[in-house]
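One chain, chain A, links the two complexes that follow: it is found with chain B in the first and with chain C in the second.
Right, the complex of A and B next:
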């Protein structure tokens, strides 16, 4: 039996599908980014444009604003989920009745379709119907209308994402915490270290790989959030919550500006890869450091 | 013996569970009320359940079509992905292929890409390039089934790699020496041993395919629309009927609720790409 040949045959369907639906679109978007092409313009055929689309993009205030808002969103979301998730993981670590049940309930949001998450939060926040605007007004006299106030809309999307994804952080850190060795902690206690010192000098270094992996994954996901936001705010009010995925959608579909949309898509991909790489380098460099010590 | 810390912990998790469950419970409340009862002071207790929203939704031909599409797309995709991933991981695990670690890494990177970036090229390819005569891949269930492989295959390969690597090589080598064919080795040895892992893979890929919205919304128009796009249409197209929307949303998240208990321990390994074992 020619084992090389059999192996490649088994692998072939996977590689072909990933090539057609992963690599071909990438090459296509690369080519498209160098043409002027608007399906509903006076002249709907593509024309070579050089780097015009990229030049336009650098001076596009809406694009820059969208990137900025996406970065702000990702920052708030990842930081809060990390802190909250760590505290919840600590609480989940000790033993208490019905732990398995509570863990399942806690994991529930992870399985829910993002679009349904958006729907749930819309029902919570719609004026006249949702409990949030009603109670904030009745008890605090706070005027809560995410359709009108930019900051409220922004932070509502942040809170929604925290509700949706904190369980992932909790469960990853819980897995990491349960596999910690006991000796260093006992030793630190014998040496009379304070609780904070134990956290800072013992727990944190052990958890570092798990924390970095979690931050990495949450960051990637936060940067590409579309469905929930689309359902909750539709990108508004004005463009406050029009994060990068929604921005791309807007350029490509209602505006049918294909050439420019392609350039925006590619720059987004590029920025994501750069961020990815920076986080990865951070992760590997830390690991390297630890092995030296 | 009563330990106070256990009690405090229990109380805390009751509270936390309320926070988790409340938005979903509220959606259920909305879905089980008539239009007249909806507005005014919010009340969290249902005196009686108003089933009309569910009856109306389930009898709506559009909804039935969307539901049918979702079931077909998710099930076919899950089956296709699990089968192809099993073949691919077997090849990667057992055959001395040149550069297989690079191939493995490349498959995984396919999942990392932000989907919005691929909206434009896929839309153009589906409407123009991927066609035979009159037939286009645009607005077909097949188009979605194949496309969802891009994010589900890497995931399935990642999960199954550990499982296939964990099955001793000697088992299939012995069978091959005894004259068994590759097909027999796959169906008689690998399949039974990898069954739990395959089940988890199939369920999670099914849920990911079911939950997908962005591509379903942009690469279909009439015939192949799925339930998630139907849910979004409530906000964008119709003058929002909240009761019906809530009922649709409840039906959308139903499979997740059903499968949750089965795969709860594997969700983390799945969503973090195996970076952390749940």
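Right, the complex of A and C next:
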């Protein structure tokens, strides 16, 4: 009993901080989502609105489009970063000249703030100034203008994110690959397994926890991306790259529609949790059940 | 240019030294009570703001002992930070930039200190060298219905038609233009002329293997700058005023309800503006006001509507501009009847932009900040400021010899500002400025990239504007 008290006492500071910085803001957003409140409305005071804000977002084409674009963005970046990250991690397990230097340079994007990444890519992609449009036009005759062409803008944001975050995936998988036991691989080789069979039946199952953790982290990051995109495209052209984070920012800050912004934020949080839960059920729980059976 | 910059800086410093010597007693005496106090402000990073940050704030600190932390940031961030601070009443900022178009929103929320009243209540803090009457009529935008002032103007300029004098004066180009269009090449006074010139120089650039296009277009497809270029600069030249919203008619925006946002003039204007993209450099759809100025300064456009705050460095700073000495200034082209409406008091030909510094009620250092605002609002500091960044807020500044010299370098921009400034107007007095902009802008961006036609976009925008105004409680 005494040790239980000590435990709670030691936990107390963390719990208080979590309550103040996690629970209280969440409750505030929750309450705000049930009011009509715009700082520059004829009546700027909050008024209870019931579920009006939630009803509004169901019919909000811009919100639905932003969700769809965000899902596409997250799918492309997470999948690409996982594949590229794994390949780079395998590469870094082998020996080659200047490996240390390569590893350092490869990790540099992680140290750059997202807003600076966006600014850098903006400079890279502005016609008349940036090298990308110049070289694409000079060597391939390709008209590259992310302010005018929606697909170009979308895939440029995808490539920018891959450039920025693949090193994180690489380092995580490299750590996991480095800690794999040798015996199962030797056993598989002795049993005559092909390289693909070894990858599929030995490497992947061992890497599953690391892959899942990486996918969760990267997916949640991708779903709430704002800074880089805001700096590179401002969400344009039109709504092409107005991912959900940017949409919420526009509703809450320039538009000062706090009630609706809170509702959109909560629904986005809910969708993120559902997505993660589906992934967990699909990739972890079912697997665990199979193992038990 | 270096020689010019050095002499400008020396002149500015000399004037401030002179000013502070003449009124040393007031500034040092008034500052004594606040010595060591730090006041904080936020503004958009523009040439006029940077002059305050780099020159006026340090001079004020030297004169009074009051430190100034000046945050010059992006336009969006500036609004975010200022509004959040004032809304939450946190008191992080002691002075904030009030752009002319947002002042009505701030006044509606009673965010700002009444400076007239504050000075009347604190006569000890009233600087002998500061007088509201010395400002141009631009200060009227920062007054309430009683005539009290809520912001000290720190910049005022018009969005002006700039053209390349070297290209317009090139004999070969003049001959070719006359042969093709049947009239002389000169700064456009009508939209058709402007389009002809744009077409001509775009083709001229191709024929002469030059990186040259016919016009700048501030057409960022994801930033409100494009929305502003249309509603505040091009729309009025077609006779579309106040964004096409009729405040006296229940804030109607659509033609069906008595507004004109989707009226024939607006549709003609938007179709015309979108067509200009064919004569604009490829960066146009990624261009805000900054990039438009950079494009013109790089020599990539023959003409364009450019914010006046950038005119000085484009015309005179050879470390940044490729067109020094070749910049001409004129009024924007107009549709028939617009000038008559302006003279009749019902219209305007473009945007008279600018801003002021105001003190939020949330400030914890109101008195010290009041001193700072008066310091930057003195007549004495204005000429140096006007030369560093072409903004004029005081009537006397026009007659300053250095400003007149600069006026010649800027092809008469200051003279135009003085004589023709009243033809331009600030944003309409709407407290829902950003809200309606954000509600309508998505359709505008779709028009820029061709997902909607001009007509479709404006119909949707008028509908969205009315829906937003109803939601906000302005439209019944």
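Here is the rule we use: the second predicted complex is superposed on the first by the 261 of 293 C-alpha atoms of A that agree within 3 Å, B and C clash if a C-alpha of one lies under 4 Å from a C-alpha of the other, contacts with A are read in each partner's own complex, and residues count from 1 in each chain.
Going forward, contacts are C-beta pairs under 8 Å (C-beta built on N, C-alpha and C of every residue); 3 or more make two chains touch, one makes a residue touch a chain.
Treat the numbers as computed from the prediction; the structure is a model and nothing was measured.
*Asks:* Quick one: is A:141 in contact with chain B, with chain C, with both, or with neither? Answer first, second, both or neither.
*Replies:* Neither partner.
*Asks:* Mind working out whether A:276 is in touch with chain B, chain C, both or neither, as first, second, both or neither?
*Replies:* first
*Asks:* Figure out whether A:234 sits in contact with chain B (first) or chain C (second), or with both, or with neither.
*Replies:* After superposition on chain A, A:234 lies in contact with both partners, chain B and chain C.
*Asks:* In the superposed arrangement, which partner chain does A:44 touch: chain B (first), chain C (second), both, or neither?
*Replies:* After superposition on chain A, A:44 lies in contact with chain C alone.
*Asks:* Mind working out whether A:181 is in touch with chain B, chain C, both or neither, as first, second, both or neither?
*Replies:* In the superposition, A:181 contacts neither chain B nor chain C.
*Asks:* Going by the contact rule stated at the top, is it chain B or chain C that touches a larger number of residues on chain A?
*Replies:* B
*Asks:* Answer with first, second, both or neither: which of chain B and chain C does A:129 touch in the superposed model?
*Replies:* Once the two structures are laid over each other on A, A:129 reaches both partners.
*Asks:* Go through the superposed model and pick first if A:255 touches only chain B, second if only chain C, both, or neither.
*Replies:* second
*Asks:* Would you sort A:192 into first (chain B), second (chain C), both or neither based on which partner it touches?
*Replies:* In the superposition, A:192 contacts neither chain B nor chain C.
*Asks:* May I ask you to decide whether A:214 touches chain B, chain C, both, or neither, giving the answer as first, second, both or neither?
*Replies:* A:214 contacts chain B only, not chain C.
*Asks:* Please report the chain A residues shared by its interface with chain B and its interface with chain C.
*Replies:* On chain A, the overlap between the chain B and chain C contacts is residues 122, 126, 128-129, 234, 253.
*Asks:* Under the touch definition given earlier, write down the residues of chain A that touch chain B in their complex.
*Replies:* 1, 3-4, 6-8, 10-11, 13-15, 17-18, 20-22, 24-26, 28-29, 32, 88, 91-92, 94-98, 102-116, 119-124, 126, 128-131, 134-135, 163, 167-168, 171-172, 175-176, 210, 213-214, 216-217, 220, 223-224, 226-227, 230-231, 234, 244-246, 248-249, 252-253, 258, 261-262, 265-266, 268-269, 272, 276
*Asks:* Quick one: which bits of chain C touch chain A in the complex? Just the residue numbers, please.
*Replies:* 76, 79-80, 83-84, 87, 105, 108-109, 211, 219-224, 281-287, 291, 295, 298, 300, 431-435, 437-439, 442, 445-446, 448-449, 451, 471-474
*Asks:* Across the complex, what residues on chain A touch chain C?
*Replies:* These residues of chain A touch chain C: 38-44, 62, 122, 125-129, 133, 143, 145-150, 233-239, 241-242, 250, 253-257.
*Asks:* Write out the stretch or stretches of chain B touching chain A in their complex.
*Replies:* 5-6, 9-10, 12-13, 16-17, 19-21, 23-24, 26-27, 30, 38-39, 41-42, 44, 84-85, 87-88, 90-92, 94-98, 103, 107, 110, 112-125, 129, 146-147, 149-150, 153-154, 157, 176, 182, 207, 210-211, 213-214, 218, 228, 231-232, 234-236, 242, 245-246, 249, 252-253, 256-257, 259-261, 264, 267-268, 271-273, 275-278
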